[in-house]
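Common to both upcoming complexes is subunit A, partnered first by subunit B, then by subunit C.
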Partner chain A sequence: MGLGLLASKAMRPASRIFNSQNPRNFLFRTIVSKPELQKPETSAAQAQPDPPPVDLPPRTPVAGARVHFPNPDDAIEVFVDGYPVKIPKGMTVLQACEVAGVDIPRFCYHSRLSIAGNCRMCLVEVEKSPKPVASCAMPALPGMKIKTDTPVAKKAREGVMEFLLMNHPLDCPICDQGGECDLQDQSMAFGSDRGRFTEMKRSVVDKNLGPLVKTVMTRCIQCTRCVRFATEVAGVQDLGMLGRGSGEEIGTYVEKLMTSELSGNVIDICPVGALTSKPFAFKARNWELKGTESIDVTDAVGSNIRIDSRGPEVMRIVPRLNEDINEEWISDKTRFCYDGLKRQRLNDPMIRGADGRFKVVSWRDALAVVAEVAHQVKPEEIVGVAGKLSDAESMMALKDFLNRMGSNNIWCEGTGMNPNADLRSGYLMNTSIAGLEKADVFLLVGTQPRVEAAMVNARIRKTVRANQAKVGYIGPETDLNYDHQHLGTGPQTLLEIAERRHPFYSTLANAKHPVIIVGAGLFEREDKDTIFSTVETIAENAKVVRPDWNGLNVLLLNAAQAAALDLGLVPESGNSIESAKFVYLMGADDVNLDKIPGDAFVVYQGHHGDRSVYRANVIFPAAAFSEKEGIYENTEGYAQQTFPAVPTVGDARDDWKIIRALSEVAGIKLPYDSLGAIRARIRTVAPNLVHLDEREPATFTASLKPASSQKITLTPFENVVENFYMTDSITRASKIMAQCSALLTKK
Partner chain B sequence: MAELKEEGYLRCLPDGNLLQTKIHNIGARLVGVDKFGNKYYEKLEGVQYGRHRWVEYAEKSRYNASQVPAEWHGWLHFITDHTGDELLLLKPKRYGLDHKQNFSGEGDAFIYHSKGHALNPGQRDWTRYQPWQPTKA
Partner chain C sequence: MSFTLRSVKVPPNSVNLEEARHRVFDFFRSACRSLPTVMEIYNLHDVATISQLRSAIATQFRKNSSVTNPKVIDMLLFKGMEELNNVVEHAKQRHHIIGQYVVGRQGLVQDLDTKDQGISNFLKNFYNSNYF
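And now, the complex of A and B:
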């Protein structure tokens, strides 16, 4: 402040007068296009004289992109705006520009889809090329001189933008994409302030793609990203391009719904508002939302998500990039389950009175009642079951609590009564999800990845497309969206492969990177040990497990399973629930309630009034995954953390805090009262769980296990997930998921 | 006697403003009466310029300027020469709101509270979840 400001104030008008190019009309400056600006040649000539700067400042690649050279000899050098970059052979001009830190505007180009080159927005000027070049489709050649900010490139893009906007409706104020629209953003840079188009705009009939994707086809700019996504990633041939010229439109060839479990991703990849989320339509604007980076818990993949919330309400869920797990896609169940978080919520502690009705009570009373009953029963009659959606902290607290009560009958639902928790390799996806891309032969045993873990299925499909990998499948008839060989329905086929009688055995044995994926649904079978040892025999014979390659995988079903087995949630006796007097269900809604004896005292701690509450004597309301901080380990042993996006509902509390409070009321106070302290406790049990955002592979392979002597039964494998859209208490409470399962599941 | 009371002549005894208005009314032209009963007078001769339009409120004991509806406001304040009755014809039928006087200082029941205010009787429900109802159990 002071002299400098005064000086600049005094200087400014004078300098404007002197610098103005035509001082005659500096008073009434209007926005006019000067003739010299309209001719790119002349303005390029004006720009030419200044010599290119010798030492350019170093540039950072767009979005921190890193270049990986598969073969150092194939590196070529190109010049982007005079700045030399080294790129591997085969990269496109657009990718070279990204490495050089220049973001090229684009609509049709998407790094995970094939190149279409039909939007023409990415035009750049290349020296010695007579016309502007579509950079997304042009391979970079050695010594190429690419110019991205010349008047020719700008004028070309402005022309393209004018054509795109010609038939684009002017409904940004009522468009759900408004604020996150590529066309809106890029028209700020390349759009004209007025139109020259006076004819009628084209209009296109909207298509019905089902309950998830809303279409406003008039807004479509025919980038064909959705068509390429559907055919390449989702593996359904539902979408296509019909007509030519101005009659060109995206549609399903015949009137039908989009039946893919990944269909929600077309909402993200659509650069305009043609495909938007139907449940989110007109609910919020994207700038009102608070994004919280979190983890999905509806399956065992642990997809990275961003929970967008407004106030106390989750408005939508969108994917987050994680190359190791979900790339940039998520399944429809992950994306659209959020309305289940607002329905059927438990918000007050309740006690069932003598008349069989629930009464709302205070936490103090509810905890006192439970603590009293827990002390009245014998320790071996206490049983705890952790639910599908439990986080590691709460399972740790529950196990510690039950152990202090003298019981060790605690397990996580879905892992069976006799889980193989001794060796991590026995229940993890040892190849890792990203590692599946190297495989060339898959053997799926009793698992249907398309419904059990849609993101893993997308990886398998990607591998099948890229490597022509062969897929053999043992299990009930199913619809996998890639070419596969249905080998059989049950253990019979497995035995044949193990005895090298089956033709698929030679395929497996000759493979360079064979992968066997066993479904976690088999954990519930009586003869699970024998089946697993048969699979291990196959793995040994076909050299699936080698020092440099571990292709023996288990695909888990639930978000809690891996952490539960890491923490040792293994029941002491297999049929403890039949003789239980005190059952603690921590979000467990899929336990067989008929097995619980009638006189047992059941405590249900959870966030939804789903199945088990109707059997409960006391209800403790807890927080859902969107409301708490919790560690989840996914099926490949990748520990991740959720973050609270919205406040808890009503009087609900975090799961581990409830158990900690109960332990204090019961007089066996657990020694932790902060998140850090309970994580320190987890570190002593399973240190890999607190190494967040890191995959901890299993150290020992399964070959150390003693052979099983159980008799194998020949009953065929069953469908584990009956309905992809409704698997847990959140998705069962969701209206959107109910609609999806009514309309989209195959009858 | 009852008529005298109704017209506010009795209130003139304690209220000098009303008495002044009543005296002013003598010889003035009654231009119109609005739906609340406020009477609008005009007298062009023999009054100081700027005091030639005035209102006698229908409410004799508790009157204030916010009781003048919007359509008469313009005439009363020399914004326009169109009377309120003429301007009322221009008022949109479908979405034109009824005039409401300012109730400040008249108690909480009369005061405007925004939709989220704790004292707003038509308070919006900010609960964004639907709780589980233990009816079936």
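And now, the complex of A and C:
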């Protein structure tokens, strides 16, 4: 047999070539390896003393699962269907099967939640145990012989399926989960082909969980995934299990909405259609949707998302797995902002007429007008502001354009007038988001991660739960969903810590992996440099930055910020906007419009008719993030790109193309006319931005900076994000987000 | 329904290229002959002349001038006859004719300008659409 296999291996290349002419070759090979597969017990028995791995076709772990051995001595060997696998101690039987490439059906088990073991779908047979065991809750022991495919296991699953379906309504045709439902799939695969149940099914009253999650509680199979998610990951004690036996129900204990910024994730983890998306209800079937893998831009985390679209419409947004950034969760803002992409859109170039009304014009005319005005003002009076949602390409083009016009007054919203763009470590999250999990003490300075970057907050919470990490917080009163000490509200406390007078200082100094997170909201403060140097003093004293650990972080607010600072979007003078005559707002809606002088000519390029449009003289319609290809760098320096999921609206164009076209009309043609060319230009300025899907850590760590001479003011830190649900032009245009802010933000 | 040009039943296949060619010319002629009626039905006098429409038809024919497979020619002929029938039957409306044959592929927004000389391809494409 070994010879036969060898021979067939030798023949493999030939058989691939002759595949069509000589199918016998192929057949022959299959037959050779078949008996082992079919009778795992016997082959395993034979193979016991020295299992020859050659005889079994190598299996690939389910979903490419990787095994990580924290300690090589702890490896144990178990046999799954006769196939030996090495796993670290403490893994469950289910995980061992996964490593062996056997997918065990499950409902209640979820790798990121605690183990409940209450659905019993994962039953497998283990040699020498009298009954089938629930593999998700059973630790694997050395030498265990697990059988996943025996009649006993199959029968057990069939029985569990029958019990689950007993009280499950037959409403798949009107269920939004239809087509992506675990219960549907598994009853097809493991269920019985007929039911024996003739009594009445039970029904359960639906609960109101707020504007985002729709409930049809009769469909619930009591797996408690949602309850565990809410308490463990989201950190709200809102959901619970009420009643026992056949009266068991999931619900909020009292009539109450679910107030978590991560509540949308229960839609994904619910294995059936009990919790579904309210805005998506009855809108589409999942098989008619086209998925585009893209990046979220509503905050600086850059969560990985999939945009599901049908024709020209974005139907929903769901998370994509990225262990380094968002694991498999996304915030509600990311998930539900998409209806803002359909409202308030700018679709034609417009010029404001003498009567103050906008008139639709052609691109040719609009560009010509703007180019002419731009040439009539002095170079110092030209100002450009990049918005929160700008991609790296358009910021590069805008900077090049203004530089060629002779102006250097360009910045990105939210970075303040005097940003420190020289050292990347001064504005990035140096520990990296995944690295936060190692930390044991956090000091949050003027940042409220829960509203500024919900995914970072989820990491901190995970760390607090796992390592009992201590959290100290300096800033205005806030509601963090983990235990924290509120140390103070302003720079006063910071100074005390820096002078080692504060008790928290010793906590920080004694920590193995201390982390300081400074909010980017402080960039806007007058005394920013002093605050940052105070923080650096603390970091130095408490050894937060060491060769093997960099715990000094800045948490940015907007998707565009990191790339803008990498590209050097730094204004030449702090108050250029007060004396500007020509202002180019590229999606910038949060600039203080009152500061722009009345006689200035304002060009607004963007996708939404948001705040700045009221002041604009000319509007250039641009593409939103779901419609263009653009590079974004997240707060930890991880460059990623969006992909177009839907076509642009009306006569809109990609941002960088507009600027490129304008430059040509203005007679100072920029030297790139393709995405590749502009990326080549970016490479010369900030090469890390074109290394996509890679985190480029800051190489330098500060400490070269001269001490600042500014006076520290003692005004307390302020809330940076007033309303989590509405932070940019897309979310402000969204109806769902408006409902959320009306119902869910605490007054 | 009474079709004026009752030829929309599948004619026998052309045996060779010669026969197909002959049919094409026949069809072109019948199309041209129906033009005065078309002008009348759709009230096109103020937007087009007969000769303009004729050249629009000729363009459609020329677009496929490279086809040499008699079967394909037969198929194209059939589609053309169907189209002509729809037009003559008044199965279309005025804007269909204007959109397809009078304004043509250029689109309604003829954003052409004398200033366009000397601009780069990028800008020309930019004025047309976002996708290039």
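Keep in mind that, in the parts below, the second predicted complex is superposed on the first by the 693 of 747 C-alpha atoms of A that agree within 3 Å, B and C clash if a C-alpha of one lies under 4 Å from a C-alpha of the other, contacts with A are read in each partner's own complex, and residues count from 1 in each chain.
One rule holds in what follows: a residue touches a chain if its C-beta (ideal position, glycine included) is under 8 Å from a C-beta of that chain, and two chains touch if they have at least 3 such contacts.
As the structure is a prediction and not an experimental result, all values here were calculated from the model.
Asker: Answer with first, second, both or neither: which of subunit B and subunit C does A:614 touch in the superposed model?
Answerer: First partner only, subunit B.
Asker: Which partner, subunit B or subunit C, is in contact with more residues of subunit A?
Answerer: B
Asker: Based on the superposed arrangement, let me know which partner A:289 touches: subunit B (first), subunit C (second), both, or neither?
Answerer: neither
Asker: For A:531, is the partner it touches subunit B (first), subunit C (second), both, or none of the two (neither)?
Answerer: In the superposition, A:531 touches no partner, neither subunit B nor subunit C.
Asker: Going by the contact rule set out at the top, does A:341 touch subunit B (first), subunit C (second), both, or neither?
Answerer: A:341 sits against subunit B, while subunit C stays out of touch.
Asker: Please indicate which partner A:433 is in contact with in the superposed arrangement: first for subunit B, second for subunit C, both, or neither.
Answerer: neither
Asker: Taking the complex as given, what residues does subunit A use to touch subunit B?
Answerer: Residues in contact with subunit B: 311-313, 341-348, 350, 352, 356-358, 608-609, 613-614, 649-650.
Asker: Where on subunit C does subunit A make contact in their complex?
Answerer: Per the touch definition, subunit C meets subunit A at residues 109, 111, 113, 115, 119-123, 126-127, 130-131.
Asker: Name, in rising order, each residue of subunit A that touches subunit C in their complex.
Answerer: 362-364, 623, 647-648, 652-654, 657, 660-661, 664-665, 669, 673
Asker: Mind pulling up the subunit B residues that touch subunit A in the complex?
Answerer: That would be residues 126, 128-134, 136-137 of subunit B.
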